[in-house]
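Two complexes are shown next, each including subunit A; its partner changes from subunit B in the first to subunit C in the second.
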Partner chain A sequence: MWWKLLLFFWIAAFSAIGILTPIAGTLGDVAMMGQMGSAKEIPVKFEIADKSTAAVGADGAAFVMRGIDAQGRSADFAFASNPSDFDAATGYIVQGRYDAAAHRVIVSKVLSTNPGMTFPFIPGLEERAKIILFHVPVSWMTVIAFLVSMWYGIRYLRKKDLEDDAKSAISAGLGLLFCILATTTGSVWAKFNWGSFWNWDPRETSIFVLLLVYGAYFALRSALDIEEKRASLSAVYGILAFVTVPFFIFIMPRILPGLHPGSADDTNSGPVVSSGGMNATMRIVLYSMLLGHIVLYAWLMRLRVSVTRLAMRKADGA
Partner chain B sequence: MNTTDVMRSIIAILGKDVRSELRTRYAVNALLMFVVVTLSVILFSLAGETVARSVHAGLLWVVMFFAAMSGLARSFVAEEERGTTLTLQLLATPVSVYIGKLLFNTALTLLLNSFIVLLFLLFIPDFTPAQPGLFWTVVLLGGVAVSSATTIIAAIIARANTKGTLFPVLSFPILLPLLMSGISATKIAMEEQAWTSAWADLQLLGSYIVVVVTASILLFEHVWKD
Partner chain C sequence: MYEFLEQNSIYVVMTIVLMVWSGVFLYLLRIDGQVRKLESKK
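== the complex of A and B ==
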């Protein structure tokens, strides 16, 4: 029982951390936005370099303090007025834009005082970068669940134990559930980042095919009456489907141009998680979420397997 | 059973299928008419419009896919309908049955695909592949890939209750990687692009055939024997 509570708190806590951790850029980010000619204000995190030099600026209106960002670069931050919590502050996350001529960041709003953990600012993604913490674990679980389904399919074909077939079907069902979650989270996100719910990016195609494969898997199961026949034929189809799935999941998205990171025409990040292009804080949260999802899957699997086992025993009249 | 025996029974099964097909011409006649009908629908809907060559590549694969879907289940379903499955199970090893059927299906698909392409070349005026060599390679390799993936699925659905509708449902997701690379390579063959840009697609088709045939040989026994 205790581990179920722990699991619940684990997933809830890391979801909360994922959602609540602020996105904050560096001076490099805000300068780059300025160079691109964008008037957009972005969040910047800095430490106050020397409190005693903070003063009303030369132009009279602004309250200027020197700040050092996470990469050790420093610049002036011009506030419209003296922030009320200035005495207690050691650093801020502010919303601002870069003024190249005066080499200062014009601050429009203080987002947070004495910030703790932050995620990096990624141009074009910003807050939307957090999708990785939810979408990637469910996508991985899709593949893992289908792998387990194939594994029990192989076991059924070797040992002809109907319980293996039941496990295979249950895992495929859970895989389908994760697959639907991955599709909907991705699709809603795509509307806000890429402009439409569906773009036929190679990875979108691949998840669509996974849905079709396991839709077909359950269609086949329902078309067969005799238990043994259903078990062996659906195991064969599951294995056959899983050997062609790598073409979609692992090969196509990498050799074809697309919108997801790691596509053939992706020049900035490459495969985000495996290439080490990911921020360390974000990586820890991602791996914790992944662990939580694996345990969640194992729990659901155990639950459904024991229900099936009881049903089988009842059917046998024992 | 040694290798020569297996070879002999493979050839016997292939020969049996070819002979019974030639006697009734059930599949071939129906399939050729299917292709003619589908092509006339395409010709009606195009109605003299000039379409981009890449669209033709897509249309060609649509026709090839549905022709395969309507024809390739036949080999195993016919055995069930005639009630000859049991005899075949007794007389031949699963591997030789699978390879015999695979060869028959491959021959049927290649015949069908060549016929489809010939009709496209004859009746659609601007259907002119810029690189005929690459074009025929893709069409024939694609045909082998389609038959290699669908043979085992035909064996699966021959044992299911809803034989007709399930075949395309089960085949489509498995065939999709090959359809995608087939269409992309055909597009390249239709246009004046470098031959090498189709190389990744051809590699994918080749490795697809190897993977699917290997998996089928290993799995066929479980489909075939009760």
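== the complex of A and C ==
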């Protein structure tokens, strides 16, 4: 019982951390937006360099303070007026844009005072980068569930125990559920990031094929009436199906150019785990979410296996 | 609705979280159905 409660609090806490942690850019980010000619304001985090020098600027229009960003670069930050919490502040996350001529950041809004944990600003993704904390664990669960399904398939072929076949089918079902969730969540995200629900990006194409491969697994199971025959055939099919999983999930989307982070032509490697470009805070939250999802999968699997086992016993007894 | 989500992209992330939990909930409903069937079969 205790680990189920712990699981609930674990996933709830890390989901909340993931959603609430503010995105904060650096002076490099805000300057780059300015160079690109974008009038868009982005969140910038800085520490106040020297409080005593903060004052109303020479033009008399703004309250200017010198700030140092996370990379140690400094610039002036021009606030519309003296922020009311200035005495207690050591740093801010502000929303603003860069004025290259005056070498200052024009602040339109204070987002946070004395900020703690932050996630990096990734151009083009921004808050949407947080999908990685929810979409990626679900995708990895797909792989783990299909792997477990293959494992029990092999066990069935060696020991001919129908319970192993049931476990194999249950795990494949969970894998398919996670696969569908990864596809639909990715699709909703794609609508806002790439402009359309479905773009036939290599990643989308490969997961679509994977859905078909495992959809066929269940079509095969439902087409066979004799239990032993169904068990051996689906075990063999499950093993062959899993051979395609690493190719579709890990290889094909990485060697082909595409829209999805981690594609061959991705220059924005911020949110990709394998490139090592991922921010340490985000990585800790991601791995914690992943751990939570593994336990969630194990729980759902155990629950379904218990019920199926009961049903099998009842069928034997009758 | 679309514009709101486009400008407040944290709600896109929230939608995605809700979708994942809806999926888990549907799975629980299936287990529930299986238990009920088992119970009524005596």
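By our rule, the second predicted complex is superposed on the first by the 313 of 318 C-alpha atoms of A that agree within 3 Å, B and C clash if a C-alpha of one lies under 4 Å from a C-alpha of the other, contacts with A are read in each partner's own complex, and residues count from 1 in each chain.
The rule is simple: a residue touches a chain if its C-beta (ideal position, glycine included) is under 8 Å from a C-beta of that chain, and two chains touch if they have at least 3 such contacts.
Small disclaimer: the values here were computed from a predicted structure and weren't measured.
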{"item": "Which superposed partner A:40 touches (first subunit B, second subunit C, both, neither)", "value": "neither"}
{"item": "First, second, both or neither for A:302, with subunit B first and subunit C second", "value": "neither"}
{"item": "Partner chain in contact with A:247 - subunit B first, subunit C second, else both or neither", "value": "first"}
{"item": "Contacts of A:19 with subunit B and subunit C, given as first, second, both or neither", "value": "second"}
{"item": "Partner chain in contact with A:184 - subunit B first, subunit C second, else both or neither", "value": "second"}
{"item": "Contacts of A:311 with subunit B and subunit C, given as first, second, both or neither", "value": "second"}
{"item": "Which of subunit B and subunit C A:127 touches, first, second, both or neither", "value": "second"}
{"item": "Parts of subunit A lying in touch with subunit C, wherever the complex brings them together", "value": "15, 19, 126-128, 130-131, 134-135, 138, 174, 177-178, 180-181, 184-185, 188-189, 192, 296, 300, 303-304, 307-308, 310-311, 314"}
{"item": "Sites on subunit C touched by subunit A in the complex", "value": "5-6, 8-10, 12-17, 19-20, 23-24, 26-28, 31, 34-35, 38, 41"}
{"item": "Of all residues in subunit A, those that touch subunit B in their complex", "value": "157, 205, 209-210, 212-213, 215-216, 219-220, 223-225, 228-229, 232-233, 235-237, 239-241, 243-244, 247-248, 251-252, 255"}
{"item": "Residue numbers on subunit B that touch subunit A, as the complex places them", "value": "149, 152-153, 156-157, 159-162, 166, 169-170, 172-174, 176-177, 180, 200, 204, 208, 211-212, 215-216, 219, 222-223, 226"}
